[in-house]
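Each of the two complexes below includes chain A, the first together with chain B, the second together with chain C.
Entry: the complex of A and B
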């Protein structure tokens, strides 16, 4: 980790250009003030702070950036984007990096991906999110059987956890079709769905 | 007509990518060209001498030089042809450096384009007429707008040079922002002690007329002959009688009047003298808070005034002054930092601006020079400074650096430690900009000798901890961590913006201003004091962020420009101005309405209304000529015929 960063060898300008193109953000506008890091509510859980991720993208340190756990701990709350003095949508850059990492087969925090897949599965099945379904699927996938179970009785009592899924009037098929389309495209492009 | 063409090599600048000898050879075939050559450096002394010789030898009556931009050397060559006995307007320049050699690499194409531009210049010259400048008198008086340190310096230098000065100040006292400062960097000199004597000089100088509580209402005229209307606000005190004794301010019962001079860190009385060293040291009534003026019941000041100076019936007044030059020195204001909700948006009393902190540090401030925080009057033990609040922030439309915040923040950190030896100071910064003489050393002192902790990063949130302190959350980007400090006082280094009303004044002065309301100098490097309106000069922050030494230097520079202008008894007007052909003019009035300088008036000619150009006011912009539906108004040296000749020449190529 603390080896000298050989900028001749490790600098990948194509990576920087790709992040700029996919996120629609001008990465060179970042002057490293640190406002994004200062305001990040998930910063305590980051291995690399968001301003450092921006720096890594500027330098084209692809591997280091895509392997960071921070990409997966980001809450997408967009506080960073709101505070950026240079109008960079930093959250969009984080989102872009997350997709790039996943397509490259790098998932530094696997249980995060498991949670997402669980959530998306319920959406595909019912056309809308279903909290209990998400919980059950996540427990099965992650084998973390006790995670947040203690919250369930309170949430149930307050009506925050519907036992039965809400299916929209048109049924779940239209949403299902979106998932199918995405899966087909992923197969065409040879990336992980 | 016999025209000489000189195609300059400019060393390899032009010669490297243009075949100059061939351009000269082609030029020999252009109509009326009697002589063409390609010197190495035309602007050098031998080059100019060669032009003079050629004019005599070949009996030339016009010269074309194909070289650099006319902005660079047109005046040079105009003088050259004049020395050889030609009219200076019988000269044309073809720009084959900036427009050709510097922008293209293809020698063939460059050579052709250069030849085309020379043909164009020759055609223009064939239609040129000798023009003569007229002369007019100069009113050797100067108006200085703004009595901050830059305006004071300009006024004093002009007055010392023997020029009568009219100094207009919007506030009740001169001194500007510098008068509010406690100390100055990097020497930690007392600000009032070094500015005070200059302010007194202004008051005592026989050549300076000072209008405080006054604003420029209207400006008309032109260089050498401006007429300025000045609006003097009602102060409700007859300043010719007021001695500044202060008896009224002691007895005034309206003690909750906001104290603008102290940046609202305290309150004052409705009748007030801004601060002990105020110039003019005269009382002013704040009409909004005066009980006599709002409720008609009080009159205490009138009773206690030993000279009977109070006049509740006073009205504002317009005075007119005639001057020959104007120095704008309107300074700056702090931006409204309350847009930053993360810093509390102005809700927390212990989050203050740097200028407010200066008043807390100052012995003439509301706390008598003891640093006591606004909320509970206690001495703060931990003070956090946040730099770049409203500077370098594109998201709120302020991309520029305010220039001096890094320095005064270091100064305030040092002074905090001087006032409260046990205090701990923190500075959140992005970059430290300390390029002046002894500046970086000063910032190092704050850190090395005064124990100021510099944290490289931003503050994201400030909120009260419920126990009287403020939680400051931020980032240390060097550490790569989020940090948190419990502070007693937070000082924001708030960015600057152009003074309120600057844009309005720029329009009255007919000078340009940038996106942020700062006045535009005539040339960013070579004419930093002049504006594009003749006779109007700039001094201080109104032109762009600068610290006290730079403001003083520019004040002196503006005064030098005024004295240079006034060194002559008569000024020459540029003959490249609009002229009306009264036979064609149909008096539609379009030119009158479109002229940005008010240079066109209506006149009577044999019982008919016609337009007339006021030669000394016209700046030769050409708006009227392109607006006139009759082609009756023509810009000399750029007439329709001359421009069409150029277009024709280009289209024939």
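Entry: the complex of A and C
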């Protein structure tokens, strides 16, 4: 956010209120001390630092904020929340923004979403997550065929990767139904599931 | 004492060794861990990254099973499961949220849930018992306790010690004789589940932790989180490459360390499953075992 921003044209004050309501955080309390950014372990991979995101939300720069790659690179480690002198759960704000971006169909780092959805697919299918399944689905979705092949021999030799998924006794159907209802509701509400 | 137990998916896969050693230690302390029937994945990071209500629904199904069993407490070894289960329980206190989540479930979830705590907290309640049962003191072994970012944060949710300086693991291991170093990165993030989609993120963050442990001259890093363990152990070569070095730092579960003190064998604790072997540490312990007056031990 270092280039000039035309505040008159780009501000969306409803956005600020919406983020506050959804995250339950008082965004106006942020006085831009930069503590969150200083401790953020993912900052090196951010296009917009987390304190800048906070400022962007205050100013209602909806488009700039929701398009940021940072939302997808956040590790959800809550270091920022812990160190904010104004007690803002900054990690919760980051998560809220990511949800808003996704629901609006803005996915600035598609491979992250692909990875998460691959993981969740194994949960839907088996009721429990499955590491190899996640990896295979992710490779297929992202067409990255070499991901972690270097680790597979060690992991397999040590019996650390289960080849077969572990399905709960009683089956995976109850979990699948959760996903089905979730998807149907998202469709009814017109958001990306 | 009997406890309702939620092992989490990695207990059945990448952290079988954590599960083996947790069960072994608890058994020795007369803590019976009973898996709640038909539990499912808590959704881990991907679920909450995608949608809060979906994440809560996956968790609520488990909390509901435990509640219907009449459990007062639910124990889990995994900080990520702990975080998700506690977050869901907390959010479900809000009626509008509860209703949205109930819509996703087969039946509305129980009105009240058991409190979810870490197995480590339950073991700590048995500390006296633990100290009495130490058969091989860990005296002479130098360890760094690494909690990862999830166990203690956010503080209001986790209620687990000081959010940036927890000491529970140190207390338990010191009680078994180990020398615990002050480890400033004990609650830093290891790079989480980014190892697959964004390797640089994990390599950089894990590398920092490994580098510090090397500098402090510890025999091993001791952790409580399956994902941290995987990033620091299985991905150690990747982290080394990012730091233009070769690390050789064993990364074991705190339950494996406690298990050694309680006299279990390497196999019983799953120590043969480490990618980076803990041979140095084990040889050191072996030396101590052979020493005539095994300090702190009863046999």
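Throughout what follows, the second predicted complex is superposed on the first by the 188 of 193 C-alpha atoms of A that agree within 3 Å, B and C clash if a C-alpha of one lies under 4 Å from a C-alpha of the other, contacts with A are read in each partner's own complex, and residues count from 1 in each chain.
The definition used in the following text is that contacts are C-beta pairs under 8 Å (C-beta built on N, C-alpha and C of every residue); 3 or more make two chains touch, one makes a residue touch a chain.
If you're wondering where the values come from, they're calculated on a predicted model, not measured in any experiment.
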Fit-or-clash call for chain B and chain C when the two complexes are aligned on chain A: fit
Contacts of A:98 with chain B and chain C, given as first, second, both or neither: second
A:60 touches, of chain B and chain C: first, second, both or neither? neither
First, second, both or neither for A:44, with chain B first and chain C second: both
Contacts of A:34 with chain B and chain C, given as first, second, both or neither: first
Larger contact residue set on chain A - chain B or chain C: C
Closest approach of chain C to chain B (Cα atoms, Å): 6
Intersection of chain A interface sets (partners chain B, chain C): 44, 79
In the complex, chain C residues that touch chain A: 9, 12-16, 37-41, 43-54, 57-58, 61, 103-106, 149-150, 153-155, 163-164, 188-189, 191-198, 200-201, 204-205, 230, 234-235, 237-238, 272-275
In the complex with chain B, residue positions of chain A that touch it: 29, 31-35, 37-40, 43-44, 48-49, 51-52, 79, 83-87
Of all residues in chain A, those that touch chain C in their complex: 41-42, 44-45, 73, 75-79, 81-82, 89, 91-92, 95, 98-99, 102, 111-117, 119-120, 123, 127-131, 134-135, 138, 142, 147-148, 150-151, 154-155, 158-162, 166, 168-170, 172, 174-175, 177-179, 181-182, 185, 193
In the complex with chain A, residue positions of chain B that touch it: 342, 388, 392-396, 430, 456-461, 473-477, 480-482
